[in-house]
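Would you mind keeping the following structure in view while I ask a few things?
Here the chain labels run A, B, C and D in written order, and each chain numbers its own residues starting at 1.
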Amino acid sequence: MTDSSNDVARTSSNFTLPVRVYIEDTDAGGIIFHAKYLHYMERARTEWVRSRGVGLRSGLGDNISYVVQKINIHYAAPGYLDDELLVTADLVGAGRVWMEFDQRVSRKGDGRELSRANVRVACVALDSGRPRRLPDDLSELLKQQLAAKTS
Amino acid sequence: MTDSSNDVARTSSNFTLPVRVYIEDTDAGGIIFHAKYLHYMERARTEWVRSRGVGLRSGLGDNISYVVQKINIHYAAPGYLDDELLVTADLVGAGRVWMEFDQRVSRKGDGRELSRANVRVACVALDSGRPRRLPDDLSELLKQQLAAKTS
Amino acid sequence: MTDSSNDVARTSSNFTLPVRVYIEDTDAGGIIFHAKYLHYMERARTEWVRSRGVGLRSGLGDNISYVVQKINIHYAAPGYLDDELLVTADLVGAGRVWMEFDQRVSRKGDGRELSRANVRVACVALDSGRPRRLPDDLSELLKQQLAAKTS
Amino acid sequence: MTDSSNDVARTSSNFTLPVRVYIEDTDAGGIIFHAKYLHYMERARTEWVRSRGVGLRSGLGDNISYVVQKINIHYAAPGYLDDELLVTADLVGAGRVWMEFDQRVSRKGDGRELSRANVRVACVALDSGRPRRLPDDLSELLKQQLAAKTS
């Protein structure tokens, strides 16, 4: 493995979504309401999956849904109205029914990291809520991503 | 019709839900975010229906859902963190597929009216989204309420 | 006034913001929660103002905030998870302390209009909540927009 | 220490807030949107503090605000529309500028635990965002609670 192949791997597994902070995201403390970071991170995971050709809505049509199993989130600095944020989603693990991401939210202007989290998401049947295998196209995508990272 | 029967009618058609304002409800302007009033009003309509024995979730199981068709809302004064609000839902009209409410949000402390709205809600089939007749129990309830008001 | 100048006017006063529908925007009815449209419309007004060089956060620093005074909104069709929406903000009036917009939310895919609203916003002092004159730069911008429309 | 005194201690430090699930809390997966549990838990912390005579809004007036520093949350089972939830807030630690809670969300109907979390909250100056000592009344309250638990 060379340094350059390592760079390629990192690039291929990282995904960044720009997000603008609106008044709806803020609270009377003058900062982004803490639960909103979970929204931002969910948007980034969704866009990462979409950018690979997997749509959530078509999943619902096939009785497939996704639920968050656990989140470990740290808040390092406050975000403010009008901030431009960069939200990453980096796949760090996957099993038959789950996938795990490291995610960060930073401010574009000064590069300050506002929040970071580890998030595990599981695939479930929409009707019963029971765990089910990840759909084949998503499962294949996850394997490729993880292989690219560790190669 | 006597004054006292009129009072009874008014009481029977009015419904008031107490709501506390949390930090999640506020924005960086230091006040309740304007869209939150629609949440409060929806909660009051839901609790009014529930108080009459009609549950929304059992409706979903029967392929019945409700959608808002129009809202005309005025904001008179700001609400603040920790405020105790009183949210009313007063049925003012109903048809085969719709019901219409006058609703107000006031602050318990000083009685100040913060917002008032007229809201029309329609019954739809959950799967197709198409308008459908209100369920019989709800339709009967609405008729009774309107009859009590105008008697 | 000629037809072509009218077209120019319309173009100059219209503003369109693309918005993606995420799982956070939907409800158990399978559609966009009705209050979310107020968020989308607020974002579009904010981006329209920003595109003209006026930032909301710098306003807060100058003790200037904005509050919604009234909204008249109609819902024509449901929006769904993953939908790409187009949200417009078209200035239709302004006074010393207020501005008024016509706004629409449509689905990019099929062009279907989902919702339309008339929204009046007032300028207030952040600390007291009292109405105050619109800032000069914004007031000038509004005049130009309205002049362009009616010329 | 006897078993019975231990029971008293536990009771004194535990706090339970009932919360109803409304359509605004759900998503197109038919369940409570995962970020909403952070709202529920924040409400329970707020009501626990309020029940001890400490209000958040008066804090804002004294340039005191609170920010979440970290959350470790697990989701065990989905919650649904119309569910009645019980949300606990149990103080488990405190320092000069922070307090830490164990919190659970369970469904009243079947007693099922839906989510549990450990949450650390810090006191900051509202204007600068910098950490500051907890206000004396709150600090004293926290000490009493922790002493009662470990006595």
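Everything that follows uses one rule, which is that a residue touches a chain if its C-beta (ideal position, glycine included) is under 8 Å from a C-beta of that chain, and two chains touch if they have at least 3 such contacts.
Each chain and its UniProt protein: A, B, C, D = YbgC/FadM family acyl-CoA thioesterase.
Here the structure is a predicted model, which is why all the values come from computation and not from measurement.
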item	value
Distance-maximising chain from subunit B - centres being C-alpha averages	A
Which of B-D and A-B has more C-beta pairs touching across its chains	B-D
Subunit B and subunit D: spacing of chain centres that average the CA atoms, whole Å	29
For subunit A paired with subunit B, centre-to-centre distance based on mean C-alpha positions, whole Å	37
Contacts with 2+ other chains: residues of subunit B	23-24, 28-31, 35, 39, 42, 60, 80-81
Residues on subunit B engaged by subunit C in the complex (per definition of touch)	28-31, 34-36, 38-39, 42, 60, 65-75, 77-78, 126, 129
Footprint of subunit A on subunit B - complex, ascending	23-24, 26-31, 33, 35, 80-81
Residue ranges of subunit A in contact with subunit C within the complex	20, 22-24, 30, 39, 42-43, 46-47, 50, 55-57, 60, 80-82
